[in-house]
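By letter and in written order, the chains are A, B and C; residue numbering begins at 1 in each of them.
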């Protein structure tokens, strides 16, 4: 319904095609995950798990325009929450639900605290919230074993099961954003993105809408955390340190904030490039930094905006 | 018998500045009321009180007997009050039709798609923007944008419409067209209108009643003819 | 105990003031937080180290050299990267991250990852103020901060370029209409910011170790200072730096040393929620 770049034509398929396309993408990614060797497989798995977390972030930050830098904290709560719950005797499925609930509650608190904060102040505030959460959790030795981290009990029937769930969850997270963006919550968030005060004046309950979006983002972030804990087998506090939230936001921006596929492309770029450029002593990260800067200067709107432009150019030349 | 709009003793102070002091206004349904006064007399603040942007420090505001003071902005909209702004505000990156759909949906007025489209076309025709629904708002001319803003406010199906200097930046011809639009809003939709405006000629020909504000208080009230011949009013304007 | 806390607070406050002023100068001009400042500090420190140890320059020359390197690197970040994303607030964090990776890893590649110490000639000295002990590096820090802030104040108040920078940071559009060439002000602001980063390196290096990620964490403190003082408010940042230093110092001594930085962050969260415009901004600036 509401295009963010109204005048530029975007290729629009019907809803069924969108979901089908994402489902096919998910299957393709699963195949890729299973046939790759151990190294590429683990890079891809990390990319997919990040896709889930950044897709969650896409709801409040992409649709709503609120630059949340605290997604890392919810990611960590998901990981630690599920691991600890299982340690305390909970079955896996219950542990997952509890971890997601915990993240939701944290999201509710943080959302309420920052309900009147906007723009770069929201960014700074959420960044420091993530920092405080990380500090508290890593210092709470009795709960989290501090910097040493904890081992995670494997909750799936087999590794194959896990390898199937990860791409499925990634695909579902993309579908979730697609779904939300067309429902009332989604377009209300979009009006808030465009002009929050005007949205309020046409009857949108902005405070309630933002809070709902934020809590939803937190819960999805926690799901990603549960999966990374399962995949890695051990977790430590640097999993959700303050910069994780920052980098997730960067990944979303590079991919295309507010766009369904943005999180996938952004995660592939931000996680993939450093991991694949696995060169010695910092050269890889140096190159990664150069690539990041170069890419965003060339396409400030992110990958999806570049794809839009390419498809528009292609359809123009087809018409001639 | 309760009046349509009843403002009693409304006051609002901002950090020592008495923006609005003890305002009393009563409007009957279907009236077009003008609100005039020199700069800084509190007109826009009064609009803010009516639209829920501000909560009055003292006094009450009632619409059809329901208390409006203290409601948040979006709740005020849901009670049937809509407003436009001095500087044009729209979802500029969206087409006009999308703006209207968002405003209508916010009040949960659209169920089936057809209803929405039919309503949109009528609304666009009413403000004189027929066929402009697919145009992105940033591409509309200034006058068109001002009219679009009115249409968006109307899309929320208000009982009371507050217009804050709607004619800003319009040529005499466009202003005359706007006056026609406002007449149609009252005549065809039955919406009560309160207009803040500096353009005297515009107001005199349009309003049933005029309320004059000065320094936050009501200075005078009456038909345009009465106001025009009131010496205090001219003094207030010349004095500022 | 009280005097020690106060003295520690002033030393820490000097560091925070330098950090905060350096960050707020470009924040006010760009409206985007410059995370890459941490990388500038790091490269500055390594430059000083190299000049002092490998090139055998006297310490003071090395310090000045490091500061100049800081200024140049900072200007480069503006000319090569930030310049292109001024109108794109969503792109800026990406640039900042990329720059940080570039700068930190350049240091890593050129100098290795070991923690090295930058030792000024007075490294071991200590002076006493009453019963409180102040390491000489602390005194040097206070001294250079005072000189730097005074010099900066004079520059911003009494030179044309300085006044132009203040005008731009208050209202870039109006400044452009008045004919102030924005480009030059951006470059000058970044240069000064880089010099201040060099000063931080000069102060921080001797107190802690020099290594590729040395400044990433203290930059967070810079944020607290910037928010307290008001984004773009240089005087505010200077004062807030000292306030924060004293707050953390007293908190560490009287409450708990482990949670020292947590005080600062707690203060920031409080400010963001209650008074985001900062302690010292009374005119209403756009908050979002």
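One rule holds for everything that comes next: contacts are C-beta pairs under 8 Å (C-beta built on N, C-alpha and C of every residue); 3 or more make two chains touch, one makes a residue touch a chain.
Just so we're clear, the structure is a prediction, and the values are computed from it rather than from any experiment.
Asks: Which chains make contact with chain A and with chain C at once?
Replies: Chains that touch both chain A and chain C, as defined above, do not exist here.
Asks: Give the label of the chain whose average Cα location is farthest from that of chain A.
Replies: Between chain A and the rest, the longest centre separation is with B.
Asks: Quick check: how many Å separate the C-alpha centres of chain A and chain C?
Replies: Once rounded, the distance between the two centres reads 32 Å.
Asks: Roughly how far is chain B from chain C, going centre to centre by Cα mean, in whole Å?
Replies: Those two chain centres are 50 Å apart.
Asks: Where the centres are mean C-alpha positions, what is the separation of chain A from chain B, in Å?
Replies: 43
Asks: So which stretches of chain C touch two or more other chains?
Replies: none
Asks: Using the touch rule from the top of the page, what residues of chain B touch 2 or more other chains?
Replies: Counting only residues that touch two or more other chains, chain B contributes none.
Asks: Taking the touch rule as given, give the residues of chain A at its contact with chain B in the complex, in rising order.
Replies: 1-7, 184, 187-188, 191, 194-195, 197-206
Asks: So in the complex, the part of chain A that touches chain C is made up of which residues?
Replies: 67, 113-114, 116-121, 124-125, 127-129, 131-132, 135, 139, 242, 246-247, 249-250, 253-254, 257, 281-283, 285-286, 288-293, 296-297, 300-302
Asks: Going by the contact rule at the top, pick out the chain B residues touching chain A in the complex.
Replies: Listed in rising order, the residues of chain B that touch chain A are 51, 72-74, 77-78, 82-83, 89-95, 98, 101-103, 105-107, 136, 139, 152-153, 155-156.
Asks: What does chain C use to touch chain A in their complex?
Replies: Touch list, chain C to chain A: 31-33, 80-81, 84-85, 88-91, 93-95, 97-106, 108-109, 112-113, 212, 220, 223-224, 227, 231, 258, 261-262, 265-266, 268-269, 272-273, 276, 287-288.
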